[in-house]
Amino acid sequence: MTVTLGEVVAALEGRYAPALAEDWDAVGLVCGDPDEPVRRVLFAVDPVGAVVDEVVETGADLLVTHHPLLLTPVHGVPADDPKGRLVHRLIRAGAGLFVAHTNADRAPATGVNDALAGVLGLIDPRPVLPAASDPRVGLGRVGRLAEPMSLRGFAERVAAALPVTAGGVRAAGDPDRRVATVAVCGGSGGSLLPAAAAAGADVLLTSDLKHHPVSEALEVPGPALVDVAHFASEWPWLPVAADLLARDLGNRVEVAVSTRRTDPWTAHVAQPGTGGSAGRLSG
Amino acid sequence: MTVTLGEVVAALEGRYAPALAEDWDAVGLVCGDPDEPVRRVLFAVDPVGAVVDEVVETGADLLVTHHPLLLTPVHGVPADDPKGRLVHRLIRAGAGLFVAHTNADRAPATGVNDALAGVLGLIDPRPVLPAASDPRVGLGRVGRLAEPMSLRGFAERVAAALPVTAGGVRAAGDPDRRVATVAVCGGSGGSLLPAAAAAGADVLLTSDLKHHPVSEALEVPGPALVDVAHFASEWPWLPVAADLLARDLGNRVEVAVSTRRTDPWTAHVAQPGTGGSAGRLSG
Amino acid sequence: MTVTLGEVVAALEGRYAPALAEDWDAVGLVCGDPDEPVRRVLFAVDPVGAVVDEVVETGADLLVTHHPLLLTPVHGVPADDPKGRLVHRLIRAGAGLFVAHTNADRAPATGVNDALAGVLGLIDPRPVLPAASDPRVGLGRVGRLAEPMSLRGFAERVAAALPVTAGGVRAAGDPDRRVATVAVCGGSGGSLLPAAAAAGADVLLTSDLKHHPVSEALEVPGPALVDVAHFASEWPWLPVAADLLARDLGNRVEVAVSTRRTDPWTAHVAQPGTGGSAGRLSG
Amino acid sequence: MTVTLGEVVAALEGRYAPALAEDWDAVGLVCGDPDEPVRRVLFAVDPVGAVVDEVVETGADLLVTHHPLLLTPVHGVPADDPKGRLVHRLIRAGAGLFVAHTNADRAPATGVNDALAGVLGLIDPRPVLPAASDPRVGLGRVGRLAEPMSLRGFAERVAAALPVTAGGVRAAGDPDRRVATVAVCGGSGGSLLPAAAAAGADVLLTSDLKHHPVSEALEVPGPALVDVAHFASEWPWLPVAADLLARDLGNRVEVAVSTRRTDPWTAHVAQPGTGGSAGRLSG
Amino acid sequence: MTVTLGEVVAALEGRYAPALAEDWDAVGLVCGDPDEPVRRVLFAVDPVGAVVDEVVETGADLLVTHHPLLLTPVHGVPADDPKGRLVHRLIRAGAGLFVAHTNADRAPATGVNDALAGVLGLIDPRPVLPAASDPRVGLGRVGRLAEPMSLRGFAERVAAALPVTAGGVRAAGDPDRRVATVAVCGGSGGSLLPAAAAAGADVLLTSDLKHHPVSEALEVPGPALVDVAHFASEWPWLPVAADLLARDLGNRVEVAVSTRRTDPWTAHVAQPGTGGSAGRLSG
Amino acid sequence: MTVTLGEVVAALEGRYAPALAEDWDAVGLVCGDPDEPVRRVLFAVDPVGAVVDEVVETGADLLVTHHPLLLTPVHGVPADDPKGRLVHRLIRAGAGLFVAHTNADRAPATGVNDALAGVLGLIDPRPVLPAASDPRVGLGRVGRLAEPMSLRGFAERVAAALPVTAGGVRAAGDPDRRVATVAVCGGSGGSLLPAAAAAGADVLLTSDLKHHPVSEALEVPGPALVDVAHFASEWPWLPVAADLLARDLGNRVEVAVSTRRTDPWTAHVAQPGTGGSAGRLSG
C-alpha cells in the first residue's frame, strides 16, 4: 500500500509531461530517492526557506514547487549557498523536491493557466499560444467573461479572486474600457501580448510587466494590461494539482497546500492623486 | 542671438557626454537639422504620442527625452509604424528629438541618479558602480539619510517625494527594518543589487523589479528593496536638465518640462489583508 | 479617384512581393504616410541627393528606388547624416520612399533581371538560381542569343544596349570566343558564376567584379565574364516597373523615370597597348 | 657559393616580415625544400598557369608572388584541382613558391605601396593606416604631388605610369577638381577611404571598387576616387623586390620579373556620350 | 589495359562513397594526377614517413590510407613541414595519396568496422549507429559471439586476433563477467558507448579510451569496455580493401598491404600486483 | 579545539588557491556545511561509489578528491542519478566533499605535479607552463634525473614508483634513447608536448594519450612519450596533501588516504611479438 517517490513522480509527470517544458527550463526531481516511501506531499509556488521550514514542521516527504530551485545549473550544493542549504535540509529531513514549471504552464486542462482562468471565471478557455501538435496544450489561456465589464471592474474582480498580496493589482489602459475577452498568463507573460492581441483579447493579465513594453503597448490599438503579483498568478494551481495527485494515487498520499505567502513584497504605500513634487503633472 | 539646434546639442552633450552611454544604447539626435534655430525645448521621460502632441501644441523646436525612440535600429520610418509616425510628426512640425539615456544615468552631478538622490535627501551620494576612470561617474547613487528610519517610513518618504503614479510604492523586506544608507537607480536597476550590497546599502530603490530576483534577495542577508514606477524614478531629472540647459545657453532658449504623466499604469486596486481565496495564507 | 500611398504600395508589392527579398535585405516603405494621396511617382536606381532634387523639382509624391536607403539599420535620421538629410527632405516635401531590391531582382517576368535580359535580346530567359518553390522566380537570368557571336561582339552589343557610363564595358576571356548562351545578373552578381556555368552559359554579364574571382575563373573551363556599371545593369528595370505601375493603377498615377545618371564614375582614361612602365609585358 | 631556398626565404622575410601580415592572410613558403639550391628567382603578381609556364620555360627555382595560392586552406593538392595542378607542376619542376602579400603591403620603404607611390611621383609618402608600433609600417601611402593638377590630369598620369591594362583608369568625382595630396593602396583598398579622408587626401587610388561605397562617398565631402586594375596597382613592386633580393644576396641569385600580364580583363568597349537606350539620361 | 589514377579513385569511391564521411572529415585524393597510370597500390593505416619509404622502395603509384594526411587544412605544403615533406616525396616519386576515413568506417559490408567484426567472429553484425537512410550504413558494428565467454576470455581472443602491438589489450569491468553481444568501433569510438548500451552490448571494443568516461561507465550498469591500439583496430580493413580493389579492377592493378607497424607505442612495462608505492592499495 | 569544515576548507584553499584553477574547472566545496565539525578527512583521486563506501565505513566527515564530481553543472541531484546518489549518501552520512583539481595541478611546491616529480626523483623541478605572474606556479613539471638512463629504463623506473595498475606503462620512441631531462604532467597532459619540447625534455610522462598526437610526435624530433594510468599519475599527491592538511591544522584532524584503486582498468592481456594475424608486420 505504500507509495514510493518514484510512483508519485510518475503520477505528476502523467499530468505534467516533462516534454512540455521549454528548452531552457529545469523540471523534474531535484533531490530525493525514487525508491523511498512518500506519505505526505506539500505544494508551493517557491522553493524558499519558509516553505522548507513547513516541510520539516509538517513532516512532508515531498515538496512540489512550481519554480525551479536550480534553474541556473550548479557545480555543487554546499550548505553555505542558500540553495545548497535547502538541498541539505531536504535530504537530511528525508524529503524530496519535485518541480513542474513550464510543463505545468503548458499542460492541458489542469495546468497553471487553466487554474488561473478558472478562478477568474473565464468561459471556454483555450491556449493563447497553442502547440502545433495539440491545440489544448500551450502557454496562456484566453476566454470570455460571462458578462462584459469595465477594465476597472475587471481589476476589482481580479483583486477579489487572487491571494492577497501587498502590491495589489495594477491596470494599464482606459479604466472605463469594456472588457469581454480575457487572456491570462501565470508568471512573467508579457511576451504573450502579440498573441493575446491576435486572439482578440481585450485585456492580458500577467505579472512582472516592465515599463517599456507596457508603454509601447498603449501607443497602438490592442489589449489593456493587468499586472498582479507573480506569486498570486500561479497560486491557484496549487490546490488543483494537490487534489489531482491525491485522486490519481487513490488517496494513498496525503496532500497539502503551503500556507506561506512567498510573494516577496511586504508593504505598499499608495500615492493619492494630489500633492508631491509631481503635483504639476496632468493625467 | 539665435541658437541653432547644433548649439543646443553641443550644450547637452557637454553635460551628458555620449561616450558615457552603454554600448547597447542609442543616444543623441534622432531627427532635426543642426543648422536650424531652436527657441523652445521640451523635456520628457518618454517619446510617446501624448508628448509629441505637447511639442506641437506648445510650438517646441526640440524634444529632449530620456528614453530612446529607436533603441532597436530600423530600416525605415514609415508613418504607419507608431515610431515612424512620431518622426513624421516631429519633422513636419520642424522639431528635433534628442535622447540622453544611459549617458544621463551615468553622468556626474547633474544626471538622473543625482536628481533622484536629491529629491530623497541623500547625503554625499556617490555612484554605486563607479567608472574606473572617474569615481564621480557611474550607475546608481548611494548615500546616507539625515536620520535613519524604518523601511516603511522610507517608503512613505519616497511616495511623498516622487511624482504620483497609480501603482504607488512597494517594499520588500521587514517593514520595521532600520534604513540609514540608501542606494537608488533610476529605471530598471535590479542588476545593481550586488553592488548596492557591497556598498553597504540598507535598501535599494529602483523600478521594474521582477519576482525571482526579489525573492532570491530575501533569502540572503542584504539590502531591502523598494520598487517605484520607472517613470517616477527618472522624472526628477527633467527640471534639473531643463534649468541647466537654459543656464548653459545664457537663457537664449526657453525650456519646459512636459506636463504629461507617461507612466502607463492608470489604475490600482488594493487588496486588504483579509478575504479572497488566499485568506487561508499566513504571512 | 485619388490614389493613396497605401494603394501604390499594394500595387508595387503585388508585382514585387516582399517575401521574395533576401533575409539581409531592407525593402518596402522607408518614409511616407500610406493614408496620403499620390499623384506622381518617380523611379530611380539610387536614393541619392541628385534624385531627391528631382523629386522636389518635379513635385513627385513618391520615389521608388531599387537600392535601399537604410540597408544598415539606424537609431535615428538626423539631418547632419547624409541619409537622414534625405529623409528630412522627402518628409518635408511630402514625398514617400519605397524600395524594391532583391524582391525586384528575383520576381518573375517583370523584374530587374528580366528587364536586363530583354534589352540584350535573350530568348527564353529563365532564372540562373531558380527558387525551389517556383521555377520562374530567382536570381539572374540565362537565355539564348538569336545568333551566336564572338565575346567581343557581345560586349559591343552590351555597350550599345545599356545606358552610357564612363567606365564602359569590360570582358574577360578570349575575345574571339563564341557566345551563344548568356547569363545576366543585375548588380553585384559574381557569386552566380558556378550556377551560370552549370546552366551552360558561355558568358556571365554582371557588375562589381573583382580581380580574384575573375582571375580564378579564367584558370578553369567555364563562362567568360562581362562587367558593366552596376547602375547600367539595373537601369533597364525602371521603365518596365514605371509602366507596369501606371497600368496596374489604371493610369490614375503619373509615372516617370529619373533622368539622373547615378553611376558614380565620371571619367575614364584608356591605356593604348604600348608605352608606360609596363611596356615590357607580353600579353 | 650556392644559395639555398632557406637562405632566399630568410632574405625575403628580412624585408617582408611574416609578422606584418594580416591575421587572415597566408604568406610564406607554399612548396619547395629549404635545403635545395636556388639559382634563379621569378617575381609575379599572380600564381597562375601562365606564370608557372614561365617558371618551367625559364628554369626558375623559385617563384615569388604577391597573391597567395592557397588563401583558403586545403585538405589536399590533387592535380585535378587547378591550384593542386600548379603545386604538382612546381614540385616536379623542382621549383618553390613563396608568397609575400599583406606583409609586403605593410612593410616599410620597399613594399607594394611604396613602389606604387614611387611610380606616381608622390613626395614624402607615409602609411595611410600606420601601425601603432612603427609609424613607417602600415597599409596604403599618402603623399604630395610635386604640382597640383586636376582629377582628370591625375588619372592621365596614372594611365601613363602603370602597366597597360584593358580596363584602363576610372575616376569618380568632379574631373576638374584640384588634386594635391594623393592616397594610394595597392589591391582592394576601398576600406581605406575614411583613413584617407582623415589624412587629408584629395584622391584615393586603389582597385576593385564597387558601386555602393563609391556612390556613398560622392554624397559627402571627401576624397575623389581612382580605380585601376588590381594587377596594375601591385606590379610596380615586382622590380623593386627583385632588385632588392639580388642585392641582399650579393647577386648570388639571378632575378627576373614575369613578362605575363595576369590582369584577367582582355577587352574593353567604350560608350561614347550619346546614343544607346540611355541617351535620354542627363549627367 | 592501363588503369589511370582516376579509375582507381572511382573504384574506391564506389565502395567508400565520399558522401558517407562526417562533415569534419577530409577524404579523397590528397595528391596525384588522375590522368596518370597506376600499376601498384599500397594500403596502410597511417600516412607517415615509414610508409612513404615503403611506397618509394616498392615503386607503388598510389598509397591508400585510412587516416587523413591533412585533416587540419593547410595554406601550403613546404618540405620543411613533416606533412609537406611527404607530399613532396610522393609527388616526386610519381605516387598519389588517397584517403578513405569515416566513409570507410561507415560503409556497408566491406568497411573498417565490418572487417574488425569479421576477425573477431561476430555473427550478424549491424551498425551501432545506423544511418536513417540506410540501416546497413553507420558507425560501429554490434553482433553475437558464437559462444558466450568471460570478459577476460574475450580480451584474450582480441589479443590473438588483432595485430601485435606493444600496449596489448586492456579491459574495464568484472573480468569474469559474461560476454555474448559485442559492439566494436575501429579508432576512437568511446562516444558510441550509449548507443552500444542501447543495442544491448555486453562489451564495447574500441581505442583511445580515456580515464573519465571509462570511470563513469563503471559507475552505472552497461557494457564493459575493451581498449586496443588504434592502429590494431583499423588494420583488419587493409587486406579487405586491397583485395576488393584488385577484384573491382579485374586485377589490372597490383595491390599490397603495408608491412610497417605504425602503432606509435614501442615498449610496455607490466606492473605485477605487489610492490611499488601503491602496495598499500586494495583492489 | 574542534575544527569546522569551514576551517578545513580555508586550510586547503590556503595551499590550493581556487583562483589557480582553469576557467572551465569546478573546484571547492560540493556538499557539506562549513559550520559543522570535522574530525576525519579522507583523500582520494575519484569521487566514485567505492570511495564513498570507504567514507561511510571509516566515518570520515570530509572527502577530498582531485576530480570534480559535477564538472558538468546540474539542475538537481536526485538519487536515481549516479552522481546525485553520491550526494545523498554523503549528506546523509554527514560528510562533505571538497575538490582540488587544476588548482592542485598548478599550485607551487605541494601540488599534483610536484608530487609526481618527487616519486620519480626529478631534480630541480619547475613548471612546464609557468604562470606569467609566478614562475613557481603552472601546469606540468620538468626536471633532471640524477643519472641519465634509456627510455626503457625510465619506463621501468616509472612502473616501480607509481601505484600498480592493470595497464602498466607504455613508451613511444626508441627504447634505447637516452633520457636525462624529464617532463611530467598528472592526468591528461598530452597538450603540453610543445612546451615540454621547448623546455628541452627528453621524455614527457602523462596519461590518456591518443593515437594521432603520439603518431605525429614521432614524425618530428622531440621528446619521447610515456603513458601511465591517469589514476596512477595523480595518486602520489594524496599522501602529500593529507600530511600537509594535518600539519596545517596542528594535527587537530585525522587524515587518511583512500585504499581503493579507482583506476577503471581491471585486466590486461599482453601480445607476444609473434603470431596473430599481424604476424606478417615488421617493426
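Note that the chains take the letters A, B, C, D, E and F in the order they are written out, and that residue 1 is the start of every chain.
Convention: a contact is a pair of C-beta atoms (placed from the backbone, for glycine too) under 8 Å apart; a residue touches a chain by one contact, two chains touch by 3 or more.
By chain, UniProt protein names: A, B, C, D, E, F = GTP cyclohydrolase 1 type 2 homolog.
Please read all numbers here as calculations on a predicted model, not as lab measurements.
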> Going only between touching chains, how few steps reach subunit F from subunit A?
Replying inline: 1
> How would the subunit D/subunit E interface be labelled, same or different, where same requires over half of its residue numbers to be shared?
Replying inline: same
>> Between subunit B and subunit E, what distance separates the C-alpha centroids? Give it in angstrom.
In response: 67
>> Nearest whole angstrom, what separates the Cα centre of subunit A from the Cα centre of subunit C?
In response: 56
> Counting in whole Å, what is the centre-to-centre distance of subunit E and subunit F, each centre being its mean C-alpha position?
Replying inline: 31
>> If a residue has to touch 2 or more other chains to count, which residues of subunit C qualify?
In response: none
> So how do the chains connect up here, line, ring, star, complete, or something else (other)?
Replying inline: ring
> Given the complex with subunit B, which residues does subunit C contribute to the contact?
Replying inline: 6, 26, 28-35, 68-71, 73-80, 84-85, 87-88, 91-92, 96-97
> Along subunit B, where are the residues that touch subunit A in the complex?
Replying inline: 46, 48-49, 67, 82, 119, 151-152, 155-156, 158-175, 187-188, 207-208, 210-212, 214-220, 225, 227, 229-232, 235-236, 259-283
